[in-house]
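The structure under discussion is supplied below as structure tokens; questions concerning it will follow.
Letters A, B, C and D mark the chains as written, and numbering starts fresh at 1 in each.
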Amino acid sequence: MIRFESDYTQGAVPEIIDALVKTNMEMTPGYGTDEYCISATEKIKAELECENADIHFLVGGTQTNLTFIASVIRPWQAVICADTGHINVHECGSIEACGTKLLQIPSSDGKIKAEEIEGIAYGHFSDPIREHSVQPGMVYISFPTENGTLYSKKELTDIYTVCKKYGLYLYIDGARLGYGLASDRNDLEMKDFATLCDAFYIGGTKVGALFGEALVIINDECKKDFRYMEKQKGAMLAKGRLLGLQFDALFTDGLYYRISDHAVRLAMKIRLALEAKGIELLYDSPTNQQFPILTVEQADKLSEEFAYSTWCRVGEKVAVRFCTSWATDEKDVEKLVEAIKNI
Amino acid sequence: MIRFESDYTQGAVPEIIDALVKTNMEMTPGYGTDEYCISATEKIKAELECENADIHFLVGGTQTNLTFIASVIRPWQAVICADTGHINVHECGSIEACGTKLLQIPSSDGKIKAEEIEGIAYGHFSDPIREHSVQPGMVYISFPTENGTLYSKKELTDIYTVCKKYGLYLYIDGARLGYGLASDRNDLEMKDFATLCDAFYIGGTKVGALFGEALVIINDECKKDFRYMEKQKGAMLAKGRLLGLQFDALFTDGLYYRISDHAVRLAMKIRLALEAKGIELLYDSPTNQQFPILTVEQADKLSEEFAYSTWCRVGEKVAVRFCTSWATDEKDVEKLVEAIKNI
Amino acid sequence: MIRFESDYTQGAVPEIIDALVKTNMEMTPGYGTDEYCISATEKIKAELECENADIHFLVGGTQTNLTFIASVIRPWQAVICADTGHINVHECGSIEACGTKLLQIPSSDGKIKAEEIEGIAYGHFSDPIREHSVQPGMVYISFPTENGTLYSKKELTDIYTVCKKYGLYLYIDGARLGYGLASDRNDLEMKDFATLCDAFYIGGTKVGALFGEALVIINDECKKDFRYMEKQKGAMLAKGRLLGLQFDALFTDGLYYRISDHAVRLAMKIRLALEAKGIELLYDSPTNQQFPILTVEQADKLSEEFAYSTWCRVGEKVAVRFCTSWATDEKDVEKLVEAIKNI
Amino acid sequence: MIRFESDYTQGAVPEIIDALVKTNMEMTPGYGTDEYCISATEKIKAELECENADIHFLVGGTQTNLTFIASVIRPWQAVICADTGHINVHECGSIEACGTKLLQIPSSDGKIKAEEIEGIAYGHFSDPIREHSVQPGMVYISFPTENGTLYSKKELTDIYTVCKKYGLYLYIDGARLGYGLASDRNDLEMKDFATLCDAFYIGGTKVGALFGEALVIINDECKKDFRYMEKQKGAMLAKGRLLGLQFDALFTDGLYYRISDHAVRLAMKIRLALEAKGIELLYDSPTNQQFPILTVEQADKLSEEFAYSTWCRVGEKVAVRFCTSWATDEKDVEKLVEAIKNI
């Protein structure tokens, strides 16, 4: 079975495994205060051209989202997000469990628009009895979205402008950030995120690491006391260096970008094969996830050799997801391309 | 100014005021253990023909909703409700503040359907990786809804059947219960609620009392330890007798029903006047709230003499709400009817 | 049976009952925006000589405590209090239910000391790995304490000085504030509270009202968005005027002070009788609660005619509590005094 | 610098590193459903002679504690623990952040007694107005305690008997479980934990793993829906196999016990050296943590060559902590022993 069902089925890039082996018996202080965390922090700051950013290394995406959001939002505030947003549908109510309501914007492709955000914010703050409703306090978006789509620099700038107008924090979930940056259709650079939001995270779990996400806090208002929250939420790894050395490796010599390019290049091969076959795509994704709408027969046929995830029904057909990753073998993609041709 | 903007602008029925005056210097134990609470409890149980119900008296609707829901729902469970549900839009995130996500069903008239509930429940429990999403644990509906509409006995039975099939509690917000029961179009009796849900509350604040809601817990699983939750949420009134004597009065000699009938009868006069004038209604409400869609001129004209609440824009027009209550003066309604004729 | 077991067994002062009767059929807007709330607010501000205070009227003490504390404390912060503090022992974990830890100072009389607070705060903020522990964020004290004792102006000033040194809010629970101010041994005036803490509440439930507490927020940092929290916690009374008119009555012509004096004067009669009899007191309370340590025989004897609350065992003896209130009949006190003489 | 300040300064046992390297490019399903997790589960069940246990692998101790406790405790319930308990002092209020109060028992050595637990439980459940206080719902103890001390089989049996009498869950924090089992003074076996509590965790982070704790749920009532909670709290590792393969290695051929023995044997060498020198120990610890009370001169002298953690002031002296671990080099211990002789 060749597996394309997710982008976290394998371990880590060899550089990370090597670093783990090499440093195993070193003695370091705990909780992210070690030299590897410091070195990784410096490398990411350099990448962002932002000396003032605070960088924290956490283990997973749900953990990063809930810890950051809970650290800045007040109890009566809400987070605006797409109804398809990961925090809304796939984190088992983790944000609400911290006491925070999500205000959902219906989305057909995973993206939300500056005007939609403004509609909610204006509606709220112009309401004379607004205290009967939650107060918008933050906007959450994903880059790329859960559907593989991307915000353009213009779209992101517009969203951040609205956020600042209404005093909303903008937080970006970058679980697959590398795969967004690697897209041909992307016009944002890593460093742009340091000026176009209040905080974001650089995903490692899906992009080359065993586990780990690097939370980048840009806005000074959001920095103080974050480590308390990290500890309280069980998100402060005792042997924090395990995170530091992974991100140190990923941000040495452009490794993070190189492995992301690999994944997206292979995803585009799959996409081309699907399009050549006349198979419709559920979302127009220029990144590492592809969502073909297959007939049941096509889906069954492919499942004999390839694992994918089932996304949703589309009339009589079924939309499925194929993911590539840093670890995908080009030969496996060639086999898939060949199989697509023949269904 | 004649006020129709809400159904809680005035004090209480004279019977309640008399009881307050008469009992003022009596000494009673606190926290709902007094004789007035006991008496009111007995009267409500008799009304429900349900000796096993647990009755608790709380001060307000938001408080009752959050205290009950938080007392039965587990942290990973969610409450299914209409997107227009009071807990979703007008209680400032009180349910989420207790850690619970709401799963919203889009509704055009405030009602949700058994099939829609089943769609969510089946979808969840048949998902092999369901623990990534919140687990449906309860259904919340309002009777009447926030839009004045009613569930029929058939509809309520269907909903409760689905709830039992999937292990969901059914909880009914009866802030305006009396006004629902009083409607010509209603086919439910008070006692039906004792067999068609797990818990509900009988609204007092909007139906004759100074304040107060009587929570009725039918399902034994939901009864134990409720008083802890009541205390923890600040919902246990020290001089609990103030609630007991109000509900004792309301459930003596059918007062609750009589005053509800009054309100609905007057609301129907307003409705007829609106219909006679050819004014469209936003919702088809057979209860004490009426939602005409007015031109801006009509709305302005009426606002000279009458207070109403503004509901939403409808194209160039505006939908507004007129409420009657137990306290509405028939002469005021006649003036409004006259005014409607002339706009 | 003559009841001394608590100070909330009876209704309200006649002035309040009169106001309720008189205003019953008036139509007012809801949620504390009515004229009675405005009038009461102005009267309290005048009393405090503090035009900038924000005043909110809530229904009960637990509700007021949890709503205010939750509105200002951040998730990683804790509240320092006496281990005997009401929020620590008699509010069913209401503060923890909002996510906040209490840091308890052992207390023999209900009071805590500035040095004890400083010990905790200094210890925390000087700890290099302080994020492993909760961060002190607030000090909670009661005036009078749950044991009837009082802070002197010097003691309160010292506590507030330490609070400001370490960035802690000082919040005072004034459930029995009137009875503290009325004591011969008290050297604080109502207006002093406007300069010696960040927020406090003026208790009504135990001091003349049917129910109700007036929260006074002094510190500007604590004011913004409080009404959201009030709504979210189910603490915003629909017919808010019921609270406004009660406090309006209490703060007209010094009624609040007059009724408090009455209660404390009678409590001192009881205390003198106990002391004359050589009965030891558990706490040296100069306010409306008295805690004699009785032999089992004495306790049994008194219980034939008088209701009191049992406090705790003291060796072979038992400490009990007698409360007077605004409503206590002097004749009942005389009977108790006589009974004490004869046990 | 030779480091004895904690037992988590180094990586993992070679067997784990080897497994990571060997399996790196394998493709496995996520979230703990892979073969390595299944294999580790089977090995632990065999060790416990308990086929019905549920085993979940989580990343860290704070995370394990909060996730399990929050999954079984109801909102009005509290957890009884020693005032020195890790959840009470070193997890930044993580349990309260989930809404749960801790009821603390003062402890001089980290242990609590069955009678103390019974005192709290009996006091609560016999109180007629118990709903004003939180309801005891669980007992939390650590084995070994944070002070290195151990419960005997008799003590643990007594505690569990009281727990069952009052309907309290017993949960054991086994962050250093191996080091407790390895002690000469211990009379408990791993499998005893399967019959003497409702749930416990086998610590990996401090005992040979890079990270990871194996939560063992014995009581059927606590099992259902745990994975929802794990997901919600951000505690479900995407590449769950990383945990599975670590515990698989630790529970192959008795590795977990062997490495624990090593640590405790070396700790006893340090203890003997301290005792020979006449240095008092703060706690009578038969496990891997030793707490000598040093003069400031002694402490300074040792700090030139050895890192330790400072525990607390003891009069003019200072208590410090030396930890050994699976990774401690015997030569380093010999150097420390020599240094102790000469101070």
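Note that contacts are C-beta pairs under 8 Å (C-beta built on N, C-alpha and C of every residue); 3 or more make two chains touch, one makes a residue touch a chain.
The model shown is predicted, which means the values in this text are computed figures rather than measured ones.
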item: Chain whose Cα centroid lies at the greatest distance from that of subunit B; value: D
item: B-D against A-D, pair bridged by the larger set of C-beta contacts; value: A-D
item: Averaged-CA centre spacing for the pair subunit B and subunit A, given as whole angstrom; value: 42
item: Subunit B-subunit D separation of Cα centroids, rounded to whole Å; value: 50
item: Chain centre separation in whole Å, for subunit D relative to subunit A (CA means); value: 34
item: Shared-contact residues (touching 2 or more other chains) in subunit B; value: 75-76, 91-93, 97-99, 131-132, 134, 228, 231-232, 236
item: Residue ranges of subunit C in contact with subunit B within the complex; value: 3, 5-6, 8-12, 14, 17, 20-21, 23-30, 59-67, 91-94, 97, 205-206, 210-211, 228, 231-239, 242, 327
item: List of subunit A residues in touch with subunit C within their complex; value: 31, 70-71, 74-76, 98-99, 129-132, 134-135, 225, 227-232, 236
item: Touch list for subunit D against partner subunit C, complex; value: 75-76, 78, 89-93, 96-102, 104, 131-134
